[in-house]
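Next up: the structures, one after another.
Shared chain: subunit A. Partners: subunit B in the first complex, subunit C in the second.
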Partner chain A sequence: MAYKRQFYPGTTIPAVNRRRYLDPKQNLKKLRDIAMDDVVRIMGHRNPGEDYKSIHPPLEEGKEPKCPVRELVEPIEGAKKGDRVRYIQFTDSVYFAPISPYQRAWMYLSRFRGLDTGTLSGRQIIEMRERDLEKLSKFLIDSETFDPALTGIRGATVHGHACRLDENGLMFDAWQRYIWDGRKKEVVYVKDQVALPLDRKISVGKPAPTSELLKRTTIFSAYTGGVDMRDDKEVTAYGIRIHKLRTLAGYQPFNVKGV
Partner chain B sequence: MAKDKEKLFMQAVKKKFKEDPTDLHTKFYCYGGWKQSKRKVEFVEASKKIAKARGIPMMNQDIGVPLGQRSWMPYQLSHTDIFVEPDDLHCINNPAIQQAWDDIRRTVLVGLDSPHQTIERRLGKEVTPETINAYLEVVNHTIPGGAVVQEHMAECNPALVYDSYIKVFSGNDELIDEIDKRFVIDINKLFSKSHAEQLKKAIGNTLTQAVRVPTMVGRLMDGATVSRHAAMQISMAFISSYKLAAGEAAIADFAYAAKHQSMDMGTMMPARRARGPNEPGGIPFGYMADIAQSDRVKPDDPGRAALESVALGAIVFDQIYLGGYMSGGVGFTQYASAAYTDNILEDYVYHAIDMIKDKYGGFCKADPAKFDDLLKFGDEVNAYALSMYEKYPAVMEAHFGGSQRATVAAATTGIAGAMATGIADCGVNLWYLSMLQHKERAGRLGFYGYDLQDQCGSANSLAYRSDEGLPMELRGPNYPNYAMNVGHLSGYTGIPKAAHAARGDAFTLNPFVRVAFACPNLVFDFANVTKEIGRGGLREFKPAGERTAVIKV
Partner chain C sequence: MTGAKTTKTTYAGTPLPEVKVFTERLLSAESTEKVLNALIILKHVRQINICGETLPLTVKSGPNTGIPVNHPERKVIKVGDNEIELTKLVGGFYVELNGDADVDATVEEIRKVCDKLIKTGYSLEVGRYSKYRPTLTDTLRC
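Right, the complex of A and B next:
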């Protein structure tokens, strides 16, 4: 019998969203279209139009050692060209940001190739060859996993994910890389990832209303409107089962049965 | 279900923020930056003066991230009314935190039975209560740095080493009755009757010296020096008080006994984390739990006992050891202090105690063999802790780092499991349940390195195979998986304490360590850890090891 890939247990909204984000066969919804040059500006690694910096000659020019893994794995475009490795890093508010750090990591590794990712409570980084990273960054910023008010693009000084929200519903950012445009009711980036001022303001659009975020989020929470994880019996049982099996495996492996 | 009481963290979060603790919204960027902090203003003024005097720029709070973009939060030392600024909890700024570590590092426990046997059986001299008292008077001259053998000897200034002394204790009341009370740590007076009986039985007839070398010795040299300093000065005291020849072979036995038959507070570390004995990385959690003395003065409050142990573990293990020795730099103050400030962990632990009483009818009544039942209980405790963060955005913001919340929730669940069963290993097992559930629930936990141990900890929590597991009392920062376990070590310290305090045990791992830190002559009061830290923050704590006595003003 062919193995049928499983993604995540549970029946509640956060569980269903986790399953959907992880499944590469499910298309992420595109909610906005930020110009690629503006994505490049916010990332702050190169100026739009500037050549990519390279750290080695294009692979086709080099003499690669004979290696079965290299023969097996098709390099991504940036690797073929010798691009340097750069990053984008997102901060996701606990107040029902569309996605949370571990789900990002799982989603990236399930859907994309050629990236390295790191997961913390207040930030989630992707490191990748630069031209591939830019495409992926645009894809993610345009997608339903991004909310202008509750998702931050931050290289350093990232804290804010657990802070209360400001009067316009924006997540705290000590560098104020983005601000509220009261007239357009949009979030506007005025600084890049490492808080260097941008030449011009870049709008990333209108925040989603809470009612919509509650439908999109992957976060379990007992806060008003959220889903307490314990209300999802399958997710709760799954977590306890993992712990129990790991405990038994280290203590009484002969009692691990029926797995 | 436990009763819905006023949350213990309310006073702190209401002082931190003007909005209601349940409000989701606030204002940012409008508080005047670092100028809203009295301490930062003081720092800026001091830095300017220093920079001018030395001609080299110094700290400048306008460099780097703009500080104070949020409302500047004061921190309440848990189970006290003391509020301080976060800077006051930095181990460099807080003399009480330093002294807590100084008092541990400068302690070595040296038995007197072996030297007494040498004196009686090898040298044929008599050892009596009178000779012991005479020796103790001499050794309290030598241990701070007094000379007794050579006539032209440089000595230590007593004003610099006033904190140095030796006292003795034993489980033998008749023997102790014969010893000059000035030199005795009196188990009967310092502990409840039940605890005293347990301790005396465990210690037996042996007579042990609690040696406190000067704070300055530990600071100038290191923890490994402490037993050497003790050995040298104890040997000199034996020579003088028993009128021995300085060169006779028996003296080597005294030195050997003091160096190698003594009890250090911490074991030596392996080369990759190289430190000698009596450095913080080598202190087992069970020892640290014994050093914390809350249950000596409040034996009916195991919750406070666990929480005070957490606080002591936080300052010594997380702030000084991992934040300083291992990491270096500005350190882990806010990270670690979350476990002993604002009564947040307090609220969770006392709520868990109510749950234990409701569910099991009291401490240590849960059957550890009923694993599924224990997991269900752990799930309930953990859910309360995590839901408090979620229902009270002010609490969430108070612990604005995921690692802070992860430690506090896991410490709650671990302490609860230990108290419910009376078994520390059950506690640490539930710690890992908490971590896995927290990650699953919130979609985040701590940082890469933080999370690593918690992903695999379930498997080693009950394993007794030597390369995988160890009873929780014997684990410590040097346990393989805990070597860089930032932020965890405070909670880990509380778990064995919780188990043994709930059982009514007089000690967690070592009765000798327990008694030694009951001594009222210590500079730091280990029965009131958070209060002492608060006094340090308020600049009311008077540490030892100061050099002002030899500095002309």
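Right, the complex of A and C next:
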């Protein structure tokens, strides 16, 4: 029996957005255009224009052992060239950031190839071959899943996702990697993701107003303006069903009949 | 911090009334300075403690451990006659009142100050939120 792929239940705004972000057939909106060199600077793994360092010879040299899986899977560009594995990490504020870490994991694995991702309470890391990671990072920073004020690019000391925002509406950052430019009304990066000061400031644009964020977010919240998850009956039923199956049958939910 | 010459918490020994002002947004050093200076001159305010998110002096983890953070909000502010290095992005004030204070009248004065100076919103409660006599921790810190 062939199943049609489903993504997420529910009818409320966060549920619809979750479905949209997860579905690889839906294009993410591009809201800004940050130069690739600037993305590379913020990531801090290499200088713009510098060659990629490699950890093994290019695959085309043909020194790989014979393996049916290797033959089956098309390697991504960075793997072909033998690039290092590098990382980028996003932190998402609970105050209606466009996306939250758990949906990031779902979205990454649903849309992209060749990455490893890890979910923590307020942050989401992507590990990937360097040249592919840079392209993916630019794509994510330019897309609607990024908000300059509520999404942080933070390699370490990510604390801030659950803190109150500051007076300018920016998520708290103890390392002050980005600041508010009051004249331009924009968010400006002054440090890379591990707090090394940048040679020059990099603007990532204007934050979205709260009214727009409430339409873009995937976060259910009882906080003012948000959608309480309990108000979406289908989402609630889905959560309860998973909880019940896990409680009754652990990792063998197929053994529970009639639920 | 107090209206006297010290920035150390002093314990009254009895549970005096305390007003908790909790801001909706974390305040800048400039706003914090204004609020503290407006509160400290109120007649029945005995002591003000602040809370918020700590701003570290140096990077404590990652490949750049040890380099200075230089956070623009970590700076010296002037409260009354005291110069104080603010180490937090402040999100709350615990205003302890004197034993002889008219609590309702003082709370109204505090509310007026907050309405004027905390533009991003706040909540205000009266109760007792912190300890009023030294405990073992204070002994260990000495």
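Please note the rule applied: the second predicted complex is superposed on the first by the 249 of 259 C-alpha atoms of A that agree within 3 Å, B and C clash if a C-alpha of one lies under 4 Å from a C-alpha of the other, contacts with A are read in each partner's own complex, and residues count from 1 in each chain.
By definition in this document, a contact is a pair of C-beta atoms (placed from the backbone, for glycine too) under 8 Å apart; a residue touches a chain by one contact, two chains touch by 3 or more.
These numbers come from a predicted model, not from an experiment.
*Asks:* Looking at the overlay on subunit A, is there a clash between subunit B and subunit C, or do the two fit?
*Replies:* Clash: subunit B and subunit C overlap once superposed on subunit A.
*Asks:* In the overlay, answer first, second, both or neither for which of subunit B and subunit C A:157 touches.
*Replies:* both
*Asks:* Going by the contact rule set out at the top, does A:87 touch subunit B (first), subunit C (second), both, or neither?
*Replies:* Touch partners of A:87: none, neither subunit B nor subunit C.
*Asks:* Please indicate which partner A:108 is in contact with in the superposed arrangement: first for subunit B, second for subunit C, both, or neither.
*Replies:* Once the two structures are laid over each other on A, A:108 reaches no partner at all.
*Asks:* Check the contacts made with subunit A and report whether subunit B or subunit C touches more of its residues.
*Replies:* After superposition, B is the partner touching more of subunit A.
*Asks:* Applying the document's definition of touch, where does A:21 land relative to subunit B and subunit C: first, second, both, or neither?
*Replies:* So A:21 meets neither subunit B nor subunit C here.
*Asks:* Quick check on the superposed pair: does A:194 touch subunit B, subunit C, both, or neither? Answer first, second, both or neither.
*Replies:* second
*Asks:* Based on the superposed arrangement, let me know which partner A:175 touches: subunit B (first), subunit C (second), both, or neither?
*Replies:* Touch status of A:175: both partners.
*Asks:* Is A:166 contacted by the first partner subunit B, the second partner subunit C, both or neither?
*Replies:* Both partners, subunit B and subunit C.
*Asks:* After fitting the two complexes on their shared chain A, where does subunit C collide with subunit B, if the options are 5-13, 41-49 or 131-139?
*Replies:* So the stretch of subunit C that bumps into subunit B is 131-139.
*Asks:* So which positions on subunit A get touched by both subunit B and subunit C?
*Replies:* Common interface on subunit A, subunit B vs subunit C: 157, 159-160, 163-167, 169, 172, 174-176.
*Asks:* Using the touch rule from the top, collect the residues of subunit A that touch subunit B in their complex.
*Replies:* 92, 94-95, 99-103, 118-122, 157, 159-167, 169, 172, 174-176, 218-223, 226, 228-230, 235-236, 238-240, 242-244, 246-247, 249-251
*Asks:* In their shared complex, at which residues does subunit B touch subunit A?
*Replies:* Contacts found on subunit B: 19, 23-29, 65-66, 69-70, 371-372, 375, 379, 383, 386-387, 390-391, 393-394, 396-397, 399-403, 405-406, 429, 432-433, 436-437, 439-448, 451, 456, 458-464, 468-469.
*Asks:* Considering only the defined contacts, which subunit A positions touch subunit C in the complex?
*Replies:* By the definition above, subunit A touches subunit C via 155-157, 159-160, 163-167, 169, 172, 174-176, 179, 194-196.
*Asks:* If you look only at subunit C, which of its residues touch subunit A in the complex?
*Replies:* Listed in rising order, the residues of subunit C that touch subunit A are 23-28, 31, 53-56, 59-64, 67, 69-73, 89, 91, 120.
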